[in-house]
Amino acid sequence: MTAASSCISITLTQMTKLYGGIVVGDASAIVVGCAPLESAKSGQITFVTHSKYLSYVGLTHATAVLISQSDLDKLRLQYKITIDSPDRAFIVTQNPYVYFARVAQQFSEAAALPLPVRGIHPSAVVDPAAKIGSNSIIGPHVTIETGAVVGESVRIDAYTFIGHDSVIGNNSHLYPNVTVYHGCQLGERVIVHSGVVIGADGFGFAPNFVKKGDEQTGEWVKIPQVGIVRISSDVEIGANTTIDRGTMTDTVIEQGVKIDNLVQIGHNCQIGAYTVVAGCTGIAGSTTIGQHCMIGGAVGIADHLTLADHIIVTAKSGVSKSLIKPGVYTSAWPAILHRDWNKSVALLRNISKLSARIKRVEAALAAGYALLANASK
Amino acid sequence: MTAASSCISITLTQMTKLYGGIVVGDASAIVVGCAPLESAKSGQITFVTHSKYLSYVGLTHATAVLISQSDLDKLRLQYKITIDSPDRAFIVTQNPYVYFARVAQQFSEAAALPLPVRGIHPSAVVDPAAKIGSNSIIGPHVTIETGAVVGESVRIDAYTFIGHDSVIGNNSHLYPNVTVYHGCQLGERVIVHSGVVIGADGFGFAPNFVKKGDEQTGEWVKIPQVGIVRISSDVEIGANTTIDRGTMTDTVIEQGVKIDNLVQIGHNCQIGAYTVVAGCTGIAGSTTIGQHCMIGGAVGIADHLTLADHIIVTAKSGVSKSLIKPGVYTSAWPAILHRDWNKSVALLRNISKLSARIKRVEAALAAGYALLANASK
Amino acid sequence: MTAASSCISITLTQMTKLYGGIVVGDASAIVVGCAPLESAKSGQITFVTHSKYLSYVGLTHATAVLISQSDLDKLRLQYKITIDSPDRAFIVTQNPYVYFARVAQQFSEAAALPLPVRGIHPSAVVDPAAKIGSNSIIGPHVTIETGAVVGESVRIDAYTFIGHDSVIGNNSHLYPNVTVYHGCQLGERVIVHSGVVIGADGFGFAPNFVKKGDEQTGEWVKIPQVGIVRISSDVEIGANTTIDRGTMTDTVIEQGVKIDNLVQIGHNCQIGAYTVVAGCTGIAGSTTIGQHCMIGGAVGIADHLTLADHIIVTAKSGVSKSLIKPGVYTSAWPAILHRDWNKSVALLRNISKLSARIKRVEAALAAGYALLANASK
């Protein structure tokens, strides 16, 4: 089923030595892989991140479960699930999900193929004036232009293009078919997935049209895009995402930002550290997004805006004004049955009429009271 | 005008031998190409799929028209169009559009260039431990990694990358610049257009942040994505679409699914057989879509949802809840003049006030009736 | 900071000789680069496009400012900014932004690296039956198929694929990783950014399903896409954009059109001259857009529509009907706080109830007046 099937086995004691946590149950139990709660089998380790899933713990066949102390207590007291059964152990940790991520990383690395041979594949075209760090892997058909600097232990896969004077930091991995235009800078441990384009020209043109009666002559004059893209360390960029170079300043992606697939980031944008951007989202030019923001999928953010730190924008929303106050912002309509939706659309158009009718009613009512007052004299 | 200009000629009798249907009119008429109703010329065959187009049949210069029996009857009775004219014949068939597709396929194949030579282009880099089936064409600069299995009569065009242990079924065609990550599986007769990325890492990170006053330290910890992408037979995938590999389970595209350009399909998704997904649509992770669904363009579907079979979601809609009942779902607003739209937006904000005003009116009215009752005692 | 730092210096007099305009102030002042108003340093030239920025002119360190006569007058009269200071000169021109674009182009060309050597890179695979014009640069790993015609002074970068019988006009530049399918035509001075796919099959399938009780059997039958893509001169296409080939007619992009990143243009579409399309926008099949239109980002336009000349569609809007009257069209909701938004959504659902309540009130009121009339008899 999976590309990588584990090929190591480790006891819970060994695991806590590596990643911390306290074993509750058989510390000598051996795990050989990991899986989600619902599908975990004997020999695998799983995790619980939320109390609502605790009921499933009794049903899992996992050999070990990563869990927080509070959830373990709930498990014992509320769910009456015996936690000292011989066939299921626990590792108690503050953050079971992160712990699981670390363990899963170990298993997947163990299962991965040995890396291709270090060095430059004979089919690659590397300019003599480019620098390639030690232990790096330059794959088939790679192109690296003059003045480019590739760090140590970098992996650049087939067809990836590194333009002149670009810099790729140590331990980064560029998957096949990535394009990095000239003069761009990537930090360390940056992961770039296939089809990503970094540093293409931003969308900037000066209108130079003259109107003669109904006719318009002229053209759009290109504004040269001479800024670059600066990407800090520990950034990951999803497949077919595009990040344009700056016009005269730079486009900046800060430390630890994670960007999903098919995202567009316009020229001169700045994305704050540890912000995440989900798939199909478009961020127009010269917009600044703060740190620790969460931008949902298929969101559109207009140009020249500022979003504060810790802003959350839910999926499919559109942001047309700067958002200064941290919080959750939305403008997405949930799909309903087509005929009901069409009614809503029609009604919205009619709100103004409703408002007018209420006005009339209010007036008539006032008049009625007046009459009534006289009548009852 | 077109890349492919027909280079065969065929009589209507021969055509019915190949594809069925009954000729009405001159069965010896020869057609050398096909075209839509409005632009068809003498020597071409065209089709009518809907009664509303019947009036055009009288005007077409086509030599032959594919039509259903019921439409042919309408043509004769309602439109009084003589169907036995010497210069226009008909082929009566249950599904003129499908019949047309088959005929058009024959003409375009006849017009296509001879295939490139079978075998592996000298510039391709194919690992000795990869298997390439007979009659397959491996184009220039292709890269195929160890353990990959390419079936028979497969066509893999320039710059397409097949990761280690991936499998490409018989008679599939991968256009230039496609990336298939390691361990993925494509069925038979699968068509993948340029720029498609299959099997990139899904978007999964565990938050590992600690708040110290206003400061937050920590990072997003990557969840390794060790599932694969499994694509069944007869699937077509449009240009620059991305389909992420599963986290611990797989991402699955079932039999006969057709996906348009620039579509994002998240990790662990499952798309049911014969479902179609139009361009620019994003489907978030772990969502399951049933069979025979039609997902419009620029639709957004949230994560961990289930859509039943035969669901239709219209273009530009957002789906945030599971859709169990088959039907047509919408949440898209049609663009209107900017100033009118802004009024609607403002009014929506005021509905709550309207509601309050009606409440007051209702109360006042009740009170009025009470007074009235007393007054009329 | 920027990839390109200027390496020429030019006096304002020389500049007006090249691009026109009148110098106000020290015509012998020398500029060595350009920058935006807020960040310009001594030795740089900048520009003002709108009166609202005039207050910044007093603060800029720029050596020269491009400005219109009317803004220069405002500057002197309203802002009392001395325009004959020795350390700041002006060039008066009708269109400062366009003037700036031309100057910036000169500086960026001067700063650019010398072009790679003319001719065909040894790693490129060019069919002997393809024609390559003089002074063209065919980069590493390029693939050009039989019958393709590449004009003069064309630049085709690494991994770019030119399908058989395609035509690339003079002075065009295709960046790395572009795919041009067979038979497509690009005009002169066309710029195509990385990851673009031109001429992939449009999304066309004929439903061929038979219902047997609850079961449906059959398949989607592919409609061969034998049209091409015709792109006129002076078009620029942003990274990872896709333009599908026509079905039986062609997909047409007219003169001077500018298309941003991640845009999808469906088969048989026609985009009128000088229209601009911003990023993440999708235009469905067979839709015709007029000249000088401005389509915002993340817009969705349905199939088989017609948009007149000079139509503006604002970002994130959806167009589901043809737009005949020139004007600005919108259907985008601005994101607000999540809880407020949810109230609006709920209220919209309740408009029908509001309307019913008003009806009741109106009736009761009428009845009340009747009673009142009797009572007061």
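We just call them A, B and C in the order they show up, numbering each chain from 1.
Criterion: a residue touches a chain if its C-beta (ideal position, glycine included) is under 8 Å from a C-beta of that chain, and two chains touch if they have at least 3 such contacts.
The structure displayed is predicted, hence computed values, not measured ones.
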item	value
Homomeric contact chain A-chain B: same or different residue positions, threshold half	different
Turning angle required so that chain B lies on chain C, C-alpha fit (0 to 180°, nearest 5)	120
Inter-chain centre distance, chain A versus chain B - centres from mean C-alpha coordinates, in Å	25
Sequence positions of chain C contacting 2 or more other chains	123, 141, 159, 177, 195, 240, 262, 280, 298, 333-334, 348, 351, 354, 358, 361, 365, 368, 372, 375
Chain A - residues contacting chain B, complex	1-4, 34-36, 39, 95, 97-98, 100-102, 104-105, 107-108, 111, 113, 121, 123, 139-141, 157-159, 175-177, 191, 193-195, 234, 236, 238-240, 256, 258, 260-262, 274, 276, 278-280, 291-292, 297-298, 315-316, 332-338, 341-342, 345, 348-349, 351-352, 354-355, 358, 361-362, 365, 368-369, 372, 375-376
Of all residues in chain A, those that touch chain C in their complex	123, 125, 141, 143, 146, 159, 161, 164-165, 177, 179, 181-184, 195, 197, 200-201, 203, 205-209, 216, 218-224, 226-228, 240, 242, 244-250, 262, 264, 266, 280, 282, 284, 298, 300, 302, 313-314, 317-321, 323, 327-331, 333-334, 343-344, 347-348, 350-351, 354, 357-358, 361, 364-365, 368, 371-372, 374-375
